[in-house]
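Here the chain labels run A, B, C, D, E and F in written order, and each chain numbers its own residues starting at 1.
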Amino acid sequence: MNFGQRDDPELPRYAGLATFALLPTLDSVDRAEIAILGVPFDSGTSYRPGARFGPAHIRENSRQLHPYHAVLDAYPFRAMQVADAGDVAVGPYDIPRAITVVERAARRLTTAGSRIVALGGDHTIAFPLLRAAAEVYGPLAVVHFDAHLDTWDTLHGASYWHGSPFRRAAEEGLLDLAHCQHVGIRGGIYDTRELEDDAQAGFQIIRSEAFLTDTPAEIADRIRARVVDVPAYISVDIDVLDPAYAPGTGTPEVAGIATAQLFAVLRAMRGTRIVGADVVEVAPAYDHAGITGLAAAHTAWELVTLMSLA
Amino acid sequence: MNFGQRDDPELPRYAGLATFALLPTLDSVDRAEIAILGVPFDSGTSYRPGARFGPAHIRENSRQLHPYHAVLDAYPFRAMQVADAGDVAVGPYDIPRAITVVERAARRLTTAGSRIVALGGDHTIAFPLLRAAAEVYGPLAVVHFDAHLDTWDTLHGASYWHGSPFRRAAEEGLLDLAHCQHVGIRGGIYDTRELEDDAQAGFQIIRSEAFLTDTPAEIADRIRARVVDVPAYISVDIDVLDPAYAPGTGTPEVAGIATAQLFAVLRAMRGTRIVGADVVEVAPAYDHAGITGLAAAHTAWELVTLMSLA
Amino acid sequence: MNFGQRDDPELPRYAGLATFALLPTLDSVDRAEIAILGVPFDSGTSYRPGARFGPAHIRENSRQLHPYHAVLDAYPFRAMQVADAGDVAVGPYDIPRAITVVERAARRLTTAGSRIVALGGDHTIAFPLLRAAAEVYGPLAVVHFDAHLDTWDTLHGASYWHGSPFRRAAEEGLLDLAHCQHVGIRGGIYDTRELEDDAQAGFQIIRSEAFLTDTPAEIADRIRARVVDVPAYISVDIDVLDPAYAPGTGTPEVAGIATAQLFAVLRAMRGTRIVGADVVEVAPAYDHAGITGLAAAHTAWELVTLMSLA
Amino acid sequence: MNFGQRDDPELPRYAGLATFALLPTLDSVDRAEIAILGVPFDSGTSYRPGARFGPAHIRENSRQLHPYHAVLDAYPFRAMQVADAGDVAVGPYDIPRAITVVERAARRLTTAGSRIVALGGDHTIAFPLLRAAAEVYGPLAVVHFDAHLDTWDTLHGASYWHGSPFRRAAEEGLLDLAHCQHVGIRGGIYDTRELEDDAQAGFQIIRSEAFLTDTPAEIADRIRARVVDVPAYISVDIDVLDPAYAPGTGTPEVAGIATAQLFAVLRAMRGTRIVGADVVEVAPAYDHAGITGLAAAHTAWELVTLMSLA
Amino acid sequence: MNFGQRDDPELPRYAGLATFALLPTLDSVDRAEIAILGVPFDSGTSYRPGARFGPAHIRENSRQLHPYHAVLDAYPFRAMQVADAGDVAVGPYDIPRAITVVERAARRLTTAGSRIVALGGDHTIAFPLLRAAAEVYGPLAVVHFDAHLDTWDTLHGASYWHGSPFRRAAEEGLLDLAHCQHVGIRGGIYDTRELEDDAQAGFQIIRSEAFLTDTPAEIADRIRARVVDVPAYISVDIDVLDPAYAPGTGTPEVAGIATAQLFAVLRAMRGTRIVGADVVEVAPAYDHAGITGLAAAHTAWELVTLMSLA
Amino acid sequence: MNFGQRDDPELPRYAGLATFALLPTLDSVDRAEIAILGVPFDSGTSYRPGARFGPAHIRENSRQLHPYHAVLDAYPFRAMQVADAGDVAVGPYDIPRAITVVERAARRLTTAGSRIVALGGDHTIAFPLLRAAAEVYGPLAVVHFDAHLDTWDTLHGASYWHGSPFRRAAEEGLLDLAHCQHVGIRGGIYDTRELEDDAQAGFQIIRSEAFLTDTPAEIADRIRARVVDVPAYISVDIDVLDPAYAPGTGTPEVAGIATAQLFAVLRAMRGTRIVGADVVEVAPAYDHAGITGLAAAHTAWELVTLMSLA
């Protein structure tokens, strides 16, 4: 039997401690097929920091998530045991050490049979999460929703920062270079060599402008054609959304997509074999009325639902 | 002769007391074919309260509404006498009593020949407003723009709350069960039985996702085909809009529609016989720069214009 | 042995679920001499609602509370077992029922030997908390920090609302009428009869203006002389602070006191036999940068420390 | 008989149109011994504009003002007829013309026997208000609470702007140069000649630093000794308060006084013959949770109460 | 050789003084083919003032602009010398004088061979900028992105305000009346005569509703067909965007277009001979998390890129 | 001759690039007796990051600083050449490297004869600044205004973070251990050993509570008695102020002092031989209406003035 959301009908959703979606903690259920893992780390941020408060903010804004997914006609928390694994105990002062710590925490879950949906934290954390996933599933097809490429090399002397996770992953052989895909790209570029480097890291690009002319279904078709049946890792940088929808993020880029478009693409990827996922770059200090937190929490729920259907 | 907006060219729009759209108060004109009625009540809210301040906030953000509607080519305030009937004198501590009080206030207007455009307040208030309208016009075709069904049964022991108005209305025979329509639905569901209950309450559902594939004109066609010539009541929960467009609301749901889409659907319903309307769930404490208040005020003006054309 | 704050040196304070002061939950330690109890109820509010989100907000802003109190030279969490008892499962729709529910939850703790520090919620909740405390300790000397008297009678037909808890408590014999004290009063009065009623309910008044001329030590002396050795219940409405210090509250009153003044008075009450306490009226939607939450969390910690010294 | 605040016990204070303190409009009572006059004009602002929205914001935040003043033991609205005279119909594009318009509107009230408490608007408006008051009462003792001198000469070619009203008034003989007083001064100075000019305009200076060493009663004594029995005009620029207490203003200056200090000084001036007053420079776009609006509304109420006692 | 953005790889983008896009100041490079000119003037505003702080806000939010434009495959700062010409020294107190001052400042640049991209400031400033451009290039085809017509006559006695720049320009012969185009119109209209006046001023109208049915490419085709090869001036009032995307503006109108739609139209105008441009009506006090500033900064960069390609 | 603030009377203070106090850049004047140095580094933050944006925010909020200091009767910018030295080119990813970079930048200034007033950035930066100052002036008497001790040892494995600068400085012999002073302390303590360590690092403590009973003059006397004539370094963590006055900071502590109290103490230190200073921990994302930025900018100006008098 799987334990779902807190079910005391007398306890309003705004009451009580906020685990993700009011799900049980991993401790209390012992095992989870899908584990929600907070990674409160933002020292890889190059512009506006604050994503270290992302996991708490996403959880607080996940109180209204419900058991039934009407579009996918699914009850994700019945289908599998989903649990909140808490936050990685990671300090802010040493990026390489943080990568080790996050990787270790993720491995504890993956080797115990959990697939992870991580709540960031800045995008640096995708790299150790990919390590943990690739160890179990082999080279991964990354589907990366983001305004930015994140396949850059060093910045200010750092190899590991929030602009490099997928380059590092490619270099380590964690990615299946024939099957990775960016979606929503529109951020700043210094030089076209960055685009060449990006292709080398295994990615094709669907820019945000595609959403003005193509339907989400068409875009999802292109992604599925790219991923095929390779084990997929979905990484959602919340800045893939326009700042109108997600102001609370570290490197906002205008002219992004709408939340409804993101969800439509995700749902059309039903059937993809998703073995790990993250929702990152939620910086609460720049949020208003929790709208970024709500978008991120709901995105994580979409990912959980997709994973529960596989 | 009808009295329109305040017309002292020397008094800037930001000056003076803010009646809705700077229209005359009902007291000052004696009668109104369309009455704007504030209902500052939010005790039926299940999540973020604050809509009791909605009427004041909507009025304050209605100062820039103008006399001419360019899309519908109409002067609503010339066509009919529209007046601000002020706020219902309703306290926050007793929901059943509040329903009686709101109903009585609404009846005073409807029996005097006014059609009401109510400014909420939470969605609980739709129930007494429907009572007052149905008394005059018989069973109503409700066109309900909302992220949520609002046909639920009790919550925390309450029969009357902001999630139940249309169920209660159906039970009392206020709705014409063959002609009601939800638009923009995407909120949380516990169980598919809720959808069955909803159908029983007379509603068909156009989900928010429809706006990704269908034009507003197509969606309006479906609504008109459902409503046909039954007297219609339009209820707009501002959370039908995405939180990007309307952050100031009590139960925000991401992935909603855009204001431009809402207005396009409403305008395409020209000719529908609208006998009452409301704009509800504006919670100013969560608003920013008045954008939710502006969206709500403009929505009310669209409704007034449609009603003035019938 | 008492269990104190979470002590994983690797887990930053911004990480992990936010219990009050990162203390253990009551479930995990079985007993507590001091129990922190959230009461997420705000339906008694007469003006700006939202204090139902107070407990979550206070907990989130209690992450930086530390073990040692330098002014009182005390380690409150070592002196006694302090634990977070979670939130009362109380719905928003029925005030009398809520009072019963809160009273029952409080009694479960008091009869198990815990003294309660409650986190509100609006001031209505003081009444059931006083019931639970008086049952164990007899008539109480209430020391009430607030801008408002809260000894009013009915409003909008309600006997129980956030302006009446101490009147109801006096009527039921829960207060020792010779020993109650208001501190910080400055809010609105309709008629001097309200002041007579207030005296009848057992209160003397130290207005906020006293803080301009008297030192906190002098004010504390007056309070101690009033309370003497009667079991005391400290009720802190966060609106006793000026809105500059606590904007996030339901009925803000300007010209209030500073947080440093409040703490100085509280600390000078060392030795008072405190048998229960609350910090109420934190409405997060009106807060900025968490400053009201921080003030409330720290106030609760001051109260815990005082209680740990008795 | 005087008509006081709206008295429908069923209508909550957050409901209905917001006249100042929920008082009757001047139209509805015909005459007023004290008239509240909004002056929504901010084109004299040299830094952050927005005070044109001040009157609406102050009124909206005056809903909680009550009939009884506990410190002065007075019922101001019973003692005299106080009414809301609405806003001056003044456009933003021509400062000299605005001065004429404001003066004319003020004169209509003063010649009808009303004393004015004006709600600004920027400080430019004090000049025409002084003209109207001096016409009736002769040269005035201005008591000016402000961070800035406002006796400067031209700026950017303008003679009339928010830094010059008291210089222009002195030049026109509207001030009794032996009896004017600044309180709370701390703003920027280019050159000591400005201080000489200021003395020439009739002012003595009590700087904000005085509040660190002197009690409000001592400061009030100095003001009373300066004003003696000359007809007094009290002008309160809300920026006399520290930005912590009043962030919503056009030229904020840190290290100001607290609201409680301002009120204590005002109350200690009881008995001064006040013939006019204003509260200016409330710029709502920079306010948070209405705290500046609340401070301004309450300040106006203090002024009304003082005037009602004369 | 052209000097591009600051290129110290050690200096993070959030560090150092914020010139537009971290470009060199005009002083430091002597000449510029494209000059960014701030015009911190907002005294023509009819509703919410504050755009005087627009230039500083746009510059601060332009730090993340990059050298390469991926959609247009262009390096605008390599193609031409682009420099930040600073702000016009224009005071707030005299609109006609301001127009002269702005015109003179603009002429200094245009006669030195620079094309201007102005950062407002309210829309009043378009008029003197058009004067300066027309002097060099003759009658202009204005492409005007805005919610409002801005071809109105006087308001509150002023001929020059933010609602009249294009009427005044037409009257002076600065516009080529056969080739001007509005895009995104939806704001308030008093009377259909305003539309007739607008046509007389040389404009055709593409309303915001067009974006619901037509693609940006189709809309751009209509604009290009209207402009043909007449020298074009692009004026972007940021309120053409929906308030969700640009809350920080003076006369927000709901139901606007998305930033992505605006950019798609602009990019599709590649090849148009643009001789001047502005981005106006950014009022930072109403912005949140800089999203309006980011949209405006990026819009200016799009305009620069288009101009660099001509 | 010294160059003071920008003096174009036509250029409003809100216009043009914001150097500190609109002073010349160091480049443009070649030398400075007092150099304002931005240090946009916040990777040493243990709680809320964001102080990397502090220098830009402080500069933007320094536009209203004026030439004359009325309390100290001084013209600081005439007395000495004060210039804005820009920001240190320091990346966020490596704390030890950042310390080297900041030290080198500071040394370039100190060895050229400038005394530095640094704008942070988090408190980590005090350590390299102390190195540069001590190199020139020998062991320093640090006067440290802060809610926190900042003499802690390692956290999360880091030796250099914002809680350790003065411990590291003491260890290196940069401090004169007989003459250092904390002022305003009230932050969290784990164990009394921290207080012992603090004493070992050369500090005496004046807690924030002292401000409730002692005058600023008395507190300044204690500081002067401690510092005597040792070259002094003044370090102001903006969190010494109560969050009401300075919400925009990384580790806010309630019950702090008022800005007016801070300034009174600083001014009473006139005559102290100040050889370096900093204002740190301004985190703009948590600020409102710039009030924290204004407080920090003005504090820096107080420090400059004091230094100009020595």
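Note that in this section contacts are C-beta pairs under 8 Å (C-beta built on N, C-alpha and C of every residue); 3 or more make two chains touch, one makes a residue touch a chain.
Chain identities (UniProt): A, B, C, D, E, F = Agmatinase.
Quick caveat: nothing in here was measured; it's all calculated off a predicted structure.
Any chain that touches chain B and also touches chain F is listed here: A, C, D, E. Touching chain A and chain E at once are the following chains: B, F.
The angle of the rotation carrying chain E onto chain F, fitted on C-alpha atoms and rounded to the nearest 5, is 180°.
Note on chain placement: the centre of chain D and the centre of chain F lie 37 Å apart, centres being C-alpha means. A separation of 54 Å divides the Cα centre of chain C from that of chain E. Within chain B, contacts with two or more other chains are made by residues 10, 12, 14, 46, 48, 52-53, 91-92, 156, 242, 244, 258, 286, 288.
Listed by chain label, the pairs that touch are A-B, A-C, A-E, A-F, B-C, B-D, B-E, C-D, C-F, D-E, D-F, E-F. Per the touch definition, chain E reaches chain B in the complex via residues 46-48, 156, 186-192, 195, 207-209, 211-213, 242-244, 247-248, 251-258, 286-288.
Those residues of chain F whose C-beta lies close enough to touch chain E in the complex are 8, 10-12, 14-19, 25, 38, 40, 52-53, 55-56, 59-60, 86-92, 101. Residues 9-10, 12-14, 64-68, 70-71, 215-216, 242, 244-245, 258-264, 288-291, 294-295, 298 of chain C are the ones touching chain F in the complex.
Of all residues in chain F, those touching chain A in their complex are 42-46, 48-50, 52-53, 91-95, 97, 155-158, 161, 283, 285-286.
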